[in-house]
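You will see two complexes here that share subunit A, one where it goes with subunit B and one where it goes with subunit C.
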Partner chain A sequence: MWTVPGTGVALPIFPGGYLIGGLLLLNLVFAHLYRFQLTWRKLGIQLAHAGIILLLVGELLTGLLQQDSYLRLDNGETKSYSESQRGMELAILDQTNPAYDEVVAVPESVLAEKGLIQHPKLPFKILIQGYYPNASMQRREQAPGAAPSIATAGIGTQVAVMPLPITYKTDERNLPAVYAEVLGTEGSLGIWLLSPALGMPQTFSYQNRNFQLTLRPTRYYKPFTVQLLKFTHDKYPGTEIPKNFASRVRVKSDDRQTDREVLIFMNNPLRYGGYTFYQAGFDNNDQTSILQVVRNPGWLIPYVSCIMMGLGLCIQFGFHLTGFIRKRSAA
Partner chain B sequence: MSLRRFSTQTLVVLLVTLVAGCDDRKITAYRAPKDAVAALPAAATGGPNTNDLPPGHPPIGGTPATAPADPNAPMAGAQLPGGAGLPLVAGDNAIVWTAPAHWIAKPAGSIRKGSYTVPGDGGAAADLSVTAVPGDTGGLFANVNRWRGQVGLAPIAESQLQSSLEHLDANGFHIEIVTLAGPGNSLLGAIVPYNGQTWFFKMAGPAAIITREKAGFVEFLRTVKPAQP
Partner chain C sequence: MKKYFPLALLAVFAAYVASTLWPLKNPTALDLRGFSRLPVLINGRIKPLDTVARTSLLMMQGRQRVVTPSGATILPAQWLADVLFDPKKADTYQIFLIENQEVLDLLNLKLEDGAGKKRFSYDQLRKGMPELDHQARLADQTEQPLRTPFQRQVMHVYDRALQYIRLKNSAQLADAPDFLAELVTFQKALPVGLAAIMARQQGKPASDDAVKVMNEMRDRFTYMDEVGYLHVVPPAKADPDPTHWRTVGSVLLDSFGTGTVDADAVGYAALGYAWRKQDAKQFNELVKLFSDRIGTRFVPQMEKSNVESRFNSAQPFYTGIVLYVAALLLGLFSWLMWPEAFGKAAFYLLGLGWLVATAGIFTRMWLEGRPPVTNLYSSALFVGWGAVLFCLILEKFYRNAIGTVAGAMLGFATLLIAHSLSMGGDTLEMMRAVLDSNFWLATHVVVISIGYSATFLSGFLAIIYIFRGVFSTSLDKATADALARMVYGIVCLATLFSLVGTVLGGIWADQSWGRFWGWDPKENGALIIVLWNAVILHARWGGLVKQRGLMSLAVFGNIVTAWSWFGVNMLGIGLHSYGFMDSAFYWLIAFVASQLLVIIVASFPLEKWRSFRNQSA
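For the complex of A and B:
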């Protein structure tokens, strides 16, 4: 992106999918409105073009609404949420109730503005004192030259944060770090350093309630749980070449309508509750299975549009064919 | 008529864009089941200046907070609770040990592989932690000086390192033991390299307890062995 000097207007240098697809869509829509006549003879061509328009709109919807996340399960583990691959959130958990947590989740884009965060469910405010989209951590005693920490509570006082440039490499992850100050009605409760690299959440008590602060991959909770019963990783005998990855999982819905076992393997995903679970990877000496979880509300659109296009072309060429046959028989 | 149709379509597309655009900036609130590892009763200790969790932090993972019925039972070195089987180190790296009967087991965690309270007189207590870190974490010299710093002692020179160490050979391990008496707390530390990892056994607390527990600590180290012989 290139920002016009003096303005905040960002213009793309290399056109991307949204621009080209959008222009194509506009062009087709206008062509439809401007050129095509609504006659029976033009039905086929109309239908085929409408199919293409629908396909483009469907792709746009997919691009905007598709949610990709990952479900990491150890053998025997049960989870009711999947996690984003890249997106992070600041989760503030009220853990006072032993049965459940009250969660307030703040997306990273809000943290990046370094503003004051308020929510009706929180008895305090959170002021983001520092935000680094990517940073590495080191124990303070191993980094004698590091700048003094602004954290006043939790593990952050012992950790030196070294900001790193944002990485765009596919095999690297940005590990953000945040300095969050908790402001109660009586004043500041302290500044905590939060990062997924710390490997532990930070806790404090306020007004007799126990809170936990954590910067974690964005979670998507679902109205059902998935338990990994067994992950199998078969190799061709005598080699390290993988033959098959499979996860036997148990899906249990919260309303107790569903409780079944499913085998997920390559090209055989589980479709349930609007989500598709693909076998995506494994970890931990085959003890952990990683499933890709895709939610795409527009998944049917490409099928519908292909049917429309196919039908349209059949009608169009059907008219041509009958016309041609008629001409031949007349001759 | 055609213009109106077009503007309706544009409106729909714009609305979809707006709705989707707002989505990743929204603060959400919901009720969620507790994470399996955080569901254990709170009993962790740890001051702001230890390597542990902050004060009042609930244990992250680990064995049940209450002392096990048989404190002599060997504890697996690399097992998270409930048999969930998320080994932080590969299974063949696991180390097991047998703690003295009077040590009170505390929940381990994602960082601690083992955790004990060593009770002393009049409510005083020392803390024993077992941790494992990949690599040599800077080597013996750096770690001894790190521990010296924790009890308020000045760092030593590398030439003084060997004279400050005791060696113990047990179950195939070569264990380096260091005893540090600082102005406030004292510390007993043991470093065990094993399978590309470094295991740290550290007891820190009041000098009286540390002095009394020295022999017990060494006996404890003699029980340290690989989980799979």
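For the complex of A and C:
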């Protein structure tokens, strides 16, 4: 982005999809209003261009409303949430009551501001002392030259954090790290290092309540649960070429209206409750299935616009063709 | 004479086509044909040994013909029989194509040592194999896109040599002078040996020799199982899964559990013995025994295997190339003399070539149980097929040989591309899980391929317009107008097909990956074709271009389509990338350059065009 000097108006140097798509949309709408004649002979042109407009609107909706997440399930495991691939959240779990956990989740964007975090459900405040969007971890013994850790509690005291530049590669993930200081009414309880790279959450007690701190992929809870019954991975005989991946899952809704088994495989997703579940991958020696979970309210629009554009062109070129044949047979 | 010329020529070429369908004769009394039809399982597909022989040869030496050191030409199946059963002899055949000087230096070989200065035998390679192995290991550490040309060549030669070694160990151990005798001895020693091993395990005294022999044989069979390439032994009768074909090594390893040596393994060893002795009676009996046994249990597989080996020997796409070239020459002549007779003859031959290609494509579809386009190779076949079909329709309307010439050029070019793509291995591949959807292969892929056909066709028609206009006086007003109408009509079709195909692709992506559009390079390539065709149409409707401009834009459509078809695969990223193709990259650059040159020629001032000189003067 390039800011016009003295105005604060930001102009993009490399225009993105929204700008170009938006201009194209405006252009097409005005072309409709201004140029096209409303006659039967122009029906094809009208239809084809209206189809493009619809497609652009649909993609705009998708861009704005689509939510992408992943559901990682081991064989037999049940989950009621999917996880974001990129976004992280700081989760504070109150585990005092063994029957359930009380969760407060703070999105990564708030952590990046390094401010003070308060929540009515928490008897303490959290001050973010440090935030790295991408970092690798090493045990302190193996990195003798590392700067001293500012962590004072938990595993963080034994770990050296090495900040890394943010990666944009499709096959790599950013693993953020956060130093979070817990401030009770009578002062600091300590500074914890939190990162998904650490593997396990860290616990502490305060005012006779047990808390757990973890930095984990953002969770999206659903009003239903998905249990992986069996993941199968077939290869073509005598080769490593994958023939089929399939997950047999059981979907159970919280309102007990739904309880059924479904087979999800390549090119055969499950559409349920406004979400679509795709077989995306596998892990862990075929013991873990990874499902992609997409919520896209506008998914039907491209189908409609495809029909409009195809039909429009067929009508338009049909007129040309019949005209051409009539002329030739007259000649 | 002129009246009957087209029909007479058609009859001659039809006879030529029929002659290719004739089954091959066995060169000797040995039933090589029956042998070549025996099915084996390899790369997930059951296919005849004939296909194994031909694809291996194409990969190793770039052609199917094998010339022995004595100068005789032998059939692919004959070569394979030597590799499987008489490896000493096969090692002398010069079938490794090595053109890279650095690799030759590595192997201590000189160009002059090779047949045709480029083909070498395994005997010649043998000495350098340890060094080649070492270099291949080094190259293997580098990621594929980052390898130097030398490293790529090393890997290329190494892979082929490895495949050859694996083939040699498929039916017998390559180092065994007489594998049948070895198995017979093993069979005799087996009861004593197993008893000795049992006794040893129970702590009783046992003959060291007997145990040692058993251990040695176990090592040999394990090696054979690991290295063997072909799964030649059909699944056991009790096995419910018809795809459980096994290597000879693996069934021989079972002997230690069952106490007997598998009949099929012995059968193949006996077949090898008969082949080495050239004993026709025994060889033919064994071939018949195998094909009867497999044929009664696997009826559809055996039927496909038979048809496939017939299909291989008929080489319909090679026949197609011959017919298209003949049609092209006749079509070009028809613009100089005898337009009626030559034009008609060219049209007939193009039609015949198209029928042959159609038959070939249908046979492939039946063999594979898939829609026509499943990989790059079949897309080349199909794009050409679609373009020629359009041309036949055009020619039916216009009868000026323009459709014929354009169709013959495109048909020839696409078959040539397909031929060079077939060097990569078996063209009837198994579909990866993501692509395993006959519905989408039949809709999205077919429609988008027809879009390619139409875009290329409009470009080639434009080239004809430009060349005839600039370099000859034959482009009169009527012809020019007719060409302009053709190009316009085909661009309309191209827009329709590429748009619908692209959107169908988006819908497939929505079905299987959860997004309609992901800016994948191939998706962008397809979109560019749609946009380019739309540009041409809008430029014409808006009066921005006249005939000549339309032609130049259509020629640029060739570049756009070639980029989307091959160029984006070379980027090596995205869901549609089928790997980097070295030599194809240079061809693509050459093609793009040639098309730009045509556009430059088209932009000569009109008074320089030989056809228009008189009009403007």
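Simple rule for what comes next: the second predicted complex is superposed on the first by the 259 of 331 C-alpha atoms of A that agree within 3 Å, B and C clash if a C-alpha of one lies under 4 Å from a C-alpha of the other, contacts with A are read in each partner's own complex, and residues count from 1 in each chain.
Methods note: a contact is a pair of C-beta atoms (placed from the backbone, for glycine too) under 8 Å apart; a residue touches a chain by one contact, two chains touch by 3 or more.
None of these values were measured; they are calculated from a predicted model.
Novice: Of the partners subunit B and subunit C, which touch A:238 in the superposed model: first, second, both, neither?
Specialist: second
Novice: Using the superposition on chain A described above, determine whether A:134 touches subunit B (first), subunit C (second), both, or neither.
Specialist: The answer is neither, since A:134 touches no partner chain.
Novice: Regarding the shared-chain residue A:80, is it in contact with subunit B (first), subunit C (second), both, or neither?
Specialist: first
Novice: Could you say whether A:110 touches subunit B, subunit C, both of them, or neither, answering first, second, both or neither?
Specialist: Only subunit B is touched by A:110; subunit C is not.
Novice: Which partner reaches more residues of subunit A, subunit B or subunit C?
Specialist: Comparing touch counts on subunit A for subunit B and subunit C gives B.
Novice: What residues of subunit C sit close enough to touch subunit A in their complex?
Specialist: 41-45, 231, 243-245, 397, 430, 432-434, 436-437, 440, 485, 489, 492-493, 495-496, 499-500, 503-504, 506-508, 510-517
Novice: Help me check something: in the complex, which residues belonging to subunit B touch subunit A?
Specialist: 2, 5-6, 9, 13, 16-17, 20, 24-34, 36, 38, 48-49, 51, 53-54, 56-58, 60, 83-87, 90-91, 109-111, 138, 142, 146, 149
Novice: Spell out the residues on subunit A that touch subunit B in their complex, using ranges where they run on.
Specialist: Going by the criterion above, the answer is residues 29-30, 33-34, 57, 60-61, 64-65, 74-78, 80-81, 87, 93, 95, 99-107, 109-110, 117, 119-121, 141-142, 153-155, 157-158, 199-205, 210, 212, 219, 221, 284-285, 287-288.
Novice: List the residues on subunit A that touch subunit C in their complex, please.
Specialist: Result: residues 55, 58-59, 62, 66, 68, 235-239, 241-245, 265-267, 269, 276, 278, 280, 292, 294, 296, 299, 302-303, 305-306, 309-310, 313-314, 317, 320-321, 324, 328 of subunit A touch subunit C.
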